[in-house]
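Read through the structures below before going on.
Here chain A shows up in two complexes: once beside chain B, once beside chain C.
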Partner chain A sequence: MNDQVRYYEPYVSPLDPCPPRRVKSYITPPQLFIPFQPPNLPQFHPYEALMHGTLWPALYSPYGPQKVRQEEEGDD
Partner chain B sequence: MHKMVDDAYYKQLHELQAVDFVLVELNLYLDTHPMDANAIQQYNQYAELRMRIAHQFESQYGPLMNFGHSFSSVPWAWNDTPWPWQV
Partner chain C sequence: MWVYEKKLQYPVRVSKCDPLMAKFLLEQYGGADGELAAALRYLNQRYSIPDKVIGLLTDIGTEEFAHLEMIATMVYKLTKDATPDQMRAAGLGDHYAAHDNALFYQNASGVPWTAAYIQAKGDPIADLYEDIAAEEKARATYQWLIDLTDDVDLQDSLKFLREREIVHSLRFREAVEILKEKRDEKIYY
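Our next item is the complex of A and B:
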């Protein structure tokens, strides 16, 4: 499970026009927690860097298909 | 005159793309870390490597860019096929 994804339950109102989304998620990429990039961080190999979208593993934030955690089927 | 596009073409392009990406990342990093000598040395190494790769590619398959960024053979070659979206 991607550790950068966080979840929250938005308030569901009876007046909501659309079917409720009970669990929503958001991504917290590493750069939120690194105020200033330190020098000499370990690096990816160029081909891997190309595939990962960044040169430094410490800053990698996967952007894959996220299965939102569903307590019950609220995503209909 | 159709250029022969083979595996070596794609392999070299892939290598060029990877080196270019590393250069982009290092460039952005160095914008905020001007005093990082190691990164500058790595940047120069990759810039020199990029020139070699691009030169070798262009000598085989024709210019990568125009407006003076690449040499051209005769006839005028930068608008030859395959175009970038055909690669």
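Our next item is the complex of A and C:
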């Protein structure tokens, strides 16, 4: 499971008009957890870094159009 | 200061899964004649209106917030479970791009709410006539919203809100009558 996602279970009414999504998610990207970036963090290979948008794996935040799938995983 | 009761002024039941209706309901949420504009208009105008009608503006302005909460509940119920694809299919793709499934103070066309929708002229008659016009326009908006849905439960809540506009309009008209009177003034000296 992705550590950069948090899950919660919103209130679901028995009278909701649409089929409920029982688990919702939001993103907690890595910059939240690095008050000051420490020196000498492990680095991507330069070509990989160019593709990722950052030199450091600790700052890398992958995101894809998969919100609903992530929420189903969180349901487990 | 306000006392909050954690319940709606009138029950909101939504029985038909129709996210498109949420888009239309936004007209009463963040529209020019919507509940937010009404609440902020009355609660602001009350400071510079004769003492006899301050309480009326306080009471009606407060009730408008209760109505705003009902509209929010309707919109939320209709959109909270919608996927991005369903939002897009309901004409809410542009809404999703900026707000995900969050509510926002904008009208049915996505125009954000602005204080230019309301006025405080300082002239009691001008302000109260604006308030009467606002109630009539909100009543008309509720009529068109009722026309736009065949969900009888949603219609029930909307009919309640429409009726409240009628009552508020009359109360504002009575306020004008009060301000026209010379009852308390000394006529003979």
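Note that in this section the second predicted complex is superposed on the first by the 56 of 76 C-alpha atoms of A that agree within 3 Å, B and C clash if a C-alpha of one lies under 4 Å from a C-alpha of the other, contacts with A are read in each partner's own complex, and residues count from 1 in each chain.
Convention: contacts are C-beta pairs under 8 Å (C-beta built on N, C-alpha and C of every residue); 3 or more make two chains touch, one makes a residue touch a chain.
All figures in this text were calculated on a predicted structure; none of them were measured in a lab.
Quick check for you: in the superposed arrangement, does A:Cys18 touch first (chain B), second (chain C), both or neither?
The second partner, chain C, only.
Of the partners chain B and chain C, which touch A:Leu55 in the superposed model: first, second, both, neither?
In the superposition, A:Leu55 contacts chain B only.
Using the superposition on chain A described above, determine whether A:Pro10 touches chain B (first), chain C (second), both, or neither.
second
Under the stated touch criterion, which partner chain does A:Pro46 make contact with: chain B (first), chain C (second), both, or neither?
In the superposition, A:Pro46 touches chain B alone.
Please identify the positions on chain A that touch both chain B and chain C, taking each partner from its own complex.
In the superposed arrangement, which is not itself an observed complex, chain A uses no residue for both chain B and chain C.
Where on chain B is chain A touching in the complex?
Counting only chain B, the residues touching chain A are 14-15, 17-19, 21-22, 25-26, 29, 32-33, 36, 38-39.
Under the stated contact criterion, what part of chain A meets chain C in this complex?
Residues 10, 13, 15-21, 65, 67-68 of chain A touch chain C in their complex.
Which stretch or stretches of chain A touch chain B in the complex?
Contacts found on chain A: 36-37, 39-40, 46-47, 49-50, 54-56.
With touch defined as at the start, can you tell me which chain C residues reach chain A in the complex?
Per the stated touch rule, the residues are 13-19, 77-78, 80-84, 151.
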